[in-house]
Structures are given as C-alpha cells and as structure tokens.
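Going in written order, the chains are labelled A, B, C and D, and every chain counts its residues from 1.
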Amino acid sequence: MNDSEARTDLKHLKVPGDFPGHFLAGTLFLIMALWWSTKSILKHVCKQQKRSSSLITKEFFFRAELLEGIVIIGMASIGIIGLYCTLKIHQFSDKESKLTLILHWHHLSMYVFFAILGGTKILCFIISSLPVSLVKLTLSSAFFVEAFIFYNHTHGRSVVDTFGHQLLSFDVFLAGLVAFIEFLTKNNVVLELLRSSLTMLQGMWFYQMAFVLYPKNRDHAWDLSDHSNIMFLTICFCLYYALTYAIIGINYALITWLVKWRLSKLCTSETQLLKNHEQQEESEDEM
Amino acid sequence: MNDSEARTDLKHLKVPGDFPGHFLAGTLFLIMALWWSTKSILKHVCKQQKRSSSLITKEFFFRAELLEGIVIIGMASIGIIGLYCTLKIHQFSDKESKLTLILHWHHLSMYVFFAILGGTKILCFIISSLPVSLVKLTLSSAFFVEAFIFYNHTHGRSVVDTFGHQLLSFDVFLAGLVAFIEFLTKNNVVLELLRSSLTMLQGMWFYQMAFVLYPKNRDHAWDLSDHSNIMFLTICFCLYYALTYAIIGINYALITWLVKWRLSKLCTSETQLLKNHEQQEESEDEM
Amino acid sequence: MNDSEARTDLKHLKVPGDFPGHFLAGTLFLIMALWWSTKSILKHVCKQQKRSSSLITKEFFFRAELLEGIVIIGMASIGIIGLYCTLKIHQFSDKESKLTLILHWHHLSMYVFFAILGGTKILCFIISSLPVSLVKLTLSSAFFVEAFIFYNHTHGRSVVDTFGHQLLSFDVFLAGLVAFIEFLTKNNVVLELLRSSLTMLQGMWFYQMAFVLYPKNRDHAWDLSDHSNIMFLTICFCLYYALTYAIIGINYALITWLVKWRLSKLCTSETQLLKNHEQQEESEDEM
Amino acid sequence: MNDSEARTDLKHLKVPGDFPGHFLAGTLFLIMALWWSTKSILKHVCKQQKRSSSLITKEFFFRAELLEGIVIIGMASIGIIGLYCTLKIHQFSDKESKLTLILHWHHLSMYVFFAILGGTKILCFIISSLPVSLVKLTLSSAFFVEAFIFYNHTHGRSVVDTFGHQLLSFDVFLAGLVAFIEFLTKNNVVLELLRSSLTMLQGMWFYQMAFVLYPKNRDHAWDLSDHSNIMFLTICFCLYYALTYAIIGINYALITWLVKWRLSKLCTSETQLLKNHEQQEESEDEM
C-alpha cells in the first residue's frame, strides 16, 4: 500500500520531467544504433569490393571513430547536465527528494560509464600502444552496468512498470553480452549487426516505456497493474525486435546499392587517374 | 481462485482449437528436425567418402537450402493464416476475447521470426555477398524469441500446464543456445545433430502437451494441479530426449548404409565414364 | 504438514533401500573419477616423455576406452536391475507406491543416459567414421540430464535434504558444463582434471548425503529442518572440493614418478633391443 | 523476528572482531589487484618495447610469480591464524558459539582455496612439466568458491547486509568467470586488467561493507532495513567500479612513462655495453 502510494506520488511529480527524459534517451540510442549498423555494413561492403578503398579510406573510419568518441562524451555530458537542471528546477518534499535523488544518481552512473566509453574510444585511436579491444570491453561494461542499474531500479513500482524495466534490463544485458563476445572473437560483422539491432530495440523500448508510463492523454492511460498488459508488452518487445531486423536489412540494401553506384561512377575517372599515375611512375623509372 | 476459474473457462473454450494446434506444431518441428539431421549426416558422410561428389553435388545442398527456406516461410504462413481463421470462426465473450487475442499474438510473433528465418535463408543463398552465418543467427534468435514467449505465456495456468510450458521454453532456449554456438564455431556436425535432437524433442513435447492438456477421453484427463504429475513429466522429458538420440542414431546408420550402397552400385559405371573421359582428355592433349 | 508427514513415511520406508543406494552410486562415481584422472594424467605425462610410447602404446588407450564403455554399460545395467529388485521386494501402500515408482523412474532415466554414454563410447572407437567428440557430448548430456532430474527430485523434502540435492545438482551441472567446454575445445588436460575433480566431489557428496539422510545411529541423526545445518553443508561441500584437488595432486605425483621409474628401468633393455633392431635393419639393407 | 533478534545479538558480539576483519580483507585484495594490474601492464609494455628485455628480464617475472605464490600463502595463513585467535579470545554463549563457528569455518574454506592457489603458483613455476594454465584454473575456482560461500553466508541478516554480501558474491563470481575465460583464451592483457579491476572493486566493497555494517559512530549508523539504502549501495557499487577504471588507467600511464624514461636513460650505457660486447665477440671470432 505504502509502495503504491509512493509510486503515485512519484508519478504525479515526475510526469513533466520524465517523458522527455525517456524520449531523449530512446532517440540517442536509436541514432547510435543506426550509426553502428551503417559503420559495420560499410566496413563489410568495403572489404568485399576491393576497389572501394578509393572511395572510403581507412582514414575515414579512423576519423569516424574519433568523432563517435567525442559525440558519446557529448551525449553523456548533456545527460549529466540535464539531470542537474531537473534537480535544480523542481522543488521536492523531503522524502520524495531523497528517492528522486537516488534515481537521478542511478542515471548519473550510467552516463559516467558511457563517458568512460567515449574517452576510451578517443584514447585508443590516438595512442597506438593501447589494445583496440579495450573499446569493446568498455562498451560491454557500460551496457552491463546499465542493465545492472535498471534491474535494481524498480523498487516500489507497479507490475507493468517493473516488467518494462526488466525487459529493458534484459535487452541491455544481451547487448552487453554480444559486445563481450565481440571482444573475445574479433571482426565478426554479424555480431556487430546483432549488437546494433539490440541497441536499436533498446531505443524503441525507451519510446514504448515513455508512452506507457507517461501517457499524454490521461484518459487512455495503461492500467499498470493488469497482468494481461505484461503479456501484451511481451508481444511488442518481440515485434519491435523483428522491426529492427527489417530496418537493418533495408540499411544494408541501401548502403550496398550506394557503394556500387558510386564505384561505377568513379570507375572511369579512376582508371584515367591510374593510367596517368602509372605513366608518371614509368617516366620516373626511366629517369 | 480467479486464475483457476479463468483457466477453466479458457480450457472449456480452447479445447476444439488447440489440440490440432499443438499437434500441427509438433508435427512441423518433428519433420524439420528429421530433415536437419538427415542434411547434417549426409554432409558429414559425403565429406568422408570423397567419391560421393558424383552422387550428391554441392548444387543439391544449395537447392535443398533454398527449398528449406521456402518451406519454412510456407509453414509460417500456414500458421498465421490458421490463427486468423480460428479467430474468425469462434465467437468470444469480451474478456475471453482479449486474452485469446493476446495468446494468438504470442503465436503470431513466433511465426514472424520463423518467416524471417526462411527469408534470410533464401536471401543468403541467392545473394553471395551476405555472410552465411546470418542464417544461424536468425535461427538462434527465432528459437530465443520462441523460448522468451513461451516463458511469458503461462499466466493464470495450472501447475502442470505451467511446468510443461516451462520445459518447452527450456528446451527451445537450449536449441537457440546450440544454434548460437554453431554460429560462433562453424561446421561442427555434432552440434548440428544436437540442435536437431533438441528440435525433435520440442516436437515430441508439443505432442505430449497436446495429450496432457486436451485429453480425448475426459475421464482419463490428467490432474493438472497434482505435483507428482510434474515429477512424471520430468521423466517423460528425459526419456523422449533419449528417444531422439536413438532416432538420430538409426537415421545415421541408414544414411551411411544408403550412401555406401549407391556408391558401390555407381562405381563400375563411374570408372567406365572416368576412363572414357580420360581418353577424351588425352586425345585432346594430343591435339 | 502433509509434505513433512509424507516425507517421514517415505524415510521410514526407504531407509533399508537407500543408504546402500547412495553409497553405491557414490562409490561408482569415485572410481570413475579416479580412473578419469589417472587416464588424463597418463596421457599428459606420455605426451611429454616422448620415449614413453614404448611403455604405453596408443593401443592401450584404445582398449582402455573400449573397456570403460563396457564397464559404464555394466554399471548402468546393475543400477537398473537394482531398481527393479528393490521394487519387487518391498510391498508399498498405494500412495507411497506411486511416489516411490516415480522416484525410481527418475533414477532409471539417469541410468539410461549413462548407458547411452557407454554405448557411444564403444561405437565411436569401433566405427572410425563417427566423430570422437560425440563421446564428450553424450557425457555432458548425461551429466546435464542427471542435474536436471536431481533439481526436480526434491518435492516434499525437508530443507536440508533439498539443499543437499540442490548442491548435488549444481555440482553435476558444473561437471556437464566442463564436459561441454571440453567438447568445444579439444585436448585440454586441465579441463579433463577439472571434470574428474567435479565427478569425485559428486561421489563424496553421495556419501555425505547417505550419512546425513540415513544415519546409522538414530540418536545422532541430523536435524533436517535446521538452517545452520545448511550453512555447515556449504562448508563440507567446499572442503570436499579442496580434498579432490589434493587427491588428484597426489595421483599426478604418483603417476609421474611411476612412469619415470619404469622408463629408467626399461631404458637399458630398450636401447639393447633398439641396437639389435638397427643391426637387423642394417643387415636387411645390406641384403 | 527471531532472525532479526539473532542478528542484533550477533552484531552486538561481532563488532569488535569484524571491522578489522573486513578492513584487512579489503586491504589484501586491493594490494593484490594493484600488483596484478602492475604486472599485466608491465608485461604488455615490455612486449611492445622490444629493447625492454634489458630492463626487465623473464627471470624477473619468474621470481615475481614465485614471490606472489609465497605472499598469497602467507596471507591465507594470517587469515587462518587470525580466525583461530578471534575464536580463542572471545567467550561465546552456546547458540551464538555454534553460528559464529560456522561463519568462521566459512572464512576458513575461502582461505584454504587461496592457499591452494598460492601452492599451485609455486609448484607450476618450479616443476616445468605442470601446465601453467593450472594457475588460472585454481584462481578461478578460488573466486568461485568465495562467491559460493558469500552467497550462502547471509542467513538471518538484514536486507541491506544481505544485499551487500550478494553484490560482493556477484563481483567475486564475475572475477572468477573472467579468470576462467583467461584460462581458456591465453594471454589477453585486457582480460587480465578486467580481472584486476574486479578484484579491486572487491577490496573497495569490503571497505564499504565494513563502514556500513560496523559504523564507528553509532549515531550515524545506516538503517539496515531501509530499501532506499539498497538503491544507494547500487550506485556506490557502480561508481567504485568506475573508480577502479580510473586507478588502472593512471597505473598504466605511470608504468608506460616509467619504462620509457628508464629505457632512454639506459640507452646510452647500453649501446656502449653492446659495442664492447660486439668487439669482444669479434675478437673471439678472430681468434
């Protein structure tokens, strides 16, 4: 009884702050997943089409990794600042304040680990003596920490709310596991895509939770204590996962087509350049 | 009390539809498992008997994979259409309708993932640039999704019913795990047979559940709340698993014998052909 | 209350049959573990000492595997016959009879899987086309099935009894896991010794359970509902495990010493033989 | 009620003995983790800087391993002796005595396994025929046993106390898992650092538990039955983990800098020596 009261109070209070919070997190993860899948597919396609080195150089991937690191640190910073602002703006009563503070610290811990991920990414590509697999490890540990926190995040929540967070935790745990397997077995494009799809599912699930927990129209709000809603969420989870497969498939088709199209366009000018270059080399040899 | 009431209502209602449903699913999985084990054994035997390439060409396996993809999509479509029909025919009361709808959506999600599996199979063997290990991944994810759904499928059911579904979920999870390990370590015939045996067990378990939950003779129906029935189901599960070993063993013996018999029959005509061919080549060389 | 009553009845009844049953199973597993560790150490030592091929030939290991297969089948048969006899001798009341029958079928399922293991062992070493890793797989599945059954074996038992069976199930599961890892990564002597130590622990635990559950002196019987006994069993489990390390270590030292001693003894006669053999060969060459 | 009473009694009694106990264990694990990370980083840096063999020889690592083995045995002995002394000094009532004895035996089992680890370390580096991977296995089994015992250590404790021990058990389990993966995949510096960080986290967590359970100032003691304290401990756990990353990062930077500095200093004298050596060799050749 006390729990459910506390929850209602919490909900009453958190609605303004948390729909955007979940929505923002979902959007960030969706963008990250799309970028990861694009990067993996691009690498895979480039490896198969040997001439593609004229189109996309190793330099490009190097810079992309650096940029990714900076962006991840940026995102984490925005998250931390956002938490700080929410805390400043709202005035809480004493007990609410304590619980809200703890929940905010939960989010903070996640952001800290994503900041570490970003930092490691930058350091690994600047300092060549660092092992590159470190990035995968920090990625997997960031996911594991996130899963761990979401798992311990659900005290005093309703059945459906708890289940939603558990599914999120489960998904993030799987993403961390895939990242850890990637860390052990290097360069497997299918594993990278699997991780992307799980991250994408995470983004979608943040959206879903935002709409379930903080409905815009209070009249059509979900009954958070109805068990059949749990069974319905299970279906959503699976169908969203099927959706990520479709999105990554379309992404794959698009990128393959784009690379082939650019290559065929570049081909004539390239052979021209190559001929010129060879002539130059020959003349140099003669000299 | 409410749960058990709901269940009785449900059972009252679902009996016509669900015995065939479970039976059909079981049959499909049994056929799939038999075909998978046959394929794996055939590949293994052909690798050992080097002359067997005259008997079974790579072309044959290629076409078999394509056909398998089409058949799996067909099965999934039949399942989806079957669900749709059952929904149309029966008239449900309001609350029953909601729960039945959700259970149907559960089955739908599974069928969707098997359809994705079939689609991936076809695409991977048509488009050569796609990594073949993708098929194993979609297979394992189809199994994982199935296990996940069966695990969340048991709300408001009796003890024995729940346990039966949990065992099913456990078995399907193991099959998914084996498929995932196959995805990581390629070309291990024993793992493929292990997956076949787990799939076969799944088929048998669908049969068992059909007979336990929807008995033809109502007088000899199982007591679904008796704990000793759980202990009995445990035994069945293990002995069925032993049975799958026996079936696959017999299958192995049969196929090995068949291939050797065909090879010995073909041998004379083959050597004849080879000689002719060599003579031709020699005459070509002379030319 | 009903549970505990049923248990007391059971205990009253099973005491004559079950102390020997647990004791026998424990002895069989201890012997098996000792033999496995001896075999692994012998193989490892022979690989290092290259001259040892004169002492222990491949033929020896081949025959040892065959014999092991036959012995395992024999053990399983004894178990099955033993179950049958116990069933015949005792007269049970109706309800007791049902539960006892189910518990006997539980044991039967385990024996069946060990019989399969023995059969596979024999077949794999007779028919060369069968993959040898099949033996490891059937071994791991035999352990997994045993763990699964022990986990579902504890209905209506006291706290300490249940905990003891859970620890057993846990240990057997670990042994199965190690066997499965062996199946994936071939020829790792340390893994084989780990499996031996877990099997040995299993044997010791059967002994411990026999003494805990069926004490000879009824006055010093354990209080099966006292939680501090659980904490004490935890300690026993760990210290027994440390004991298996010591036993395997002593075994290793003994075998290494024995092989070296035999080699040094054989050395002179061997060089003699070798010289003779070489002379023969030379004379043959001359001829 | 009875449980909580028992706990209060226990706490009353154990306060003098256990703050130092937890503090000592934490310090030992922190030192071990720092040493492990230093060793791993040193090996990694030495592998990259090829001239470093003049600075740190294989002999050095060999002796370090030996010393580590002796120190671990020493630590375990201190622990065992410490337990014995605590037992002698305090006078317990009968029931308290039994529980305290069991808890002491729990600690003893852990120390025994760490003593085994130390012994294996020494034996593996003295006897060359023993497989080196044995050390990793005993390490992982020491951690697993520790995790297992902590998991079964929490009977009759308050919510927060239990949760703290569960987190400890979880962390130790992860460390054991990483050690086991190291055992399977040899020579991965990142895995070694991961294990160090988890061990360091373990040390920190011992400190944290010491301060939570045995506060110096009784007025600011934690409320051990407040659920929000659990959520707070979750945060601490994650942030400590982030801290271990920072410490290991700083350690890495320091060691790299130190090795480079020493190498640049040694360089001139070394080249001098090398020249002298070469001249000697040349003169020997001439002779």
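Quick note on the criterion: a residue touches a chain if its C-beta (ideal position, glycine included) is under 8 Å from a C-beta of that chain, and two chains touch if they have at least 3 such contacts.
All values reported here derive from a predicted model rather than from experimental measurement.
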Exercise for the section: With over half of the numbers shared counting as same, classify the chain C/chain D interface as same or different. Expected result: different
Fill in the blank from the handout: The distance between the C-alpha centres of chain B and chain D, rounded to whole Å, is 47
Problem - Cα-centroid distance, chain A relative to chain D, in whole angstrom - result: 34
Exercise for the section: Would you mind listing the residues of chain A that make contact with two or more other chains? Expected result: none
Practice task
Name the shape of the chain contact graph, picking from line, ring, star, complete and other.
Solution key: ring
Handout entry: Complex contact set, residues of chain B against chain A
Key = 98-99, 102-103, 105-106, 108-109, 112-113, 116, 129, 131, 133-134, 137-138, 141, 145, 148-149, 152-153, 155-156, 183-184
Completion exercise
In the complex, the residues of chain C that touch chain D are 44-45, 48, 181, 185, 188-190, 194, 227-228, 230-232, 234-235, 237-239, 241-242, 245, 256
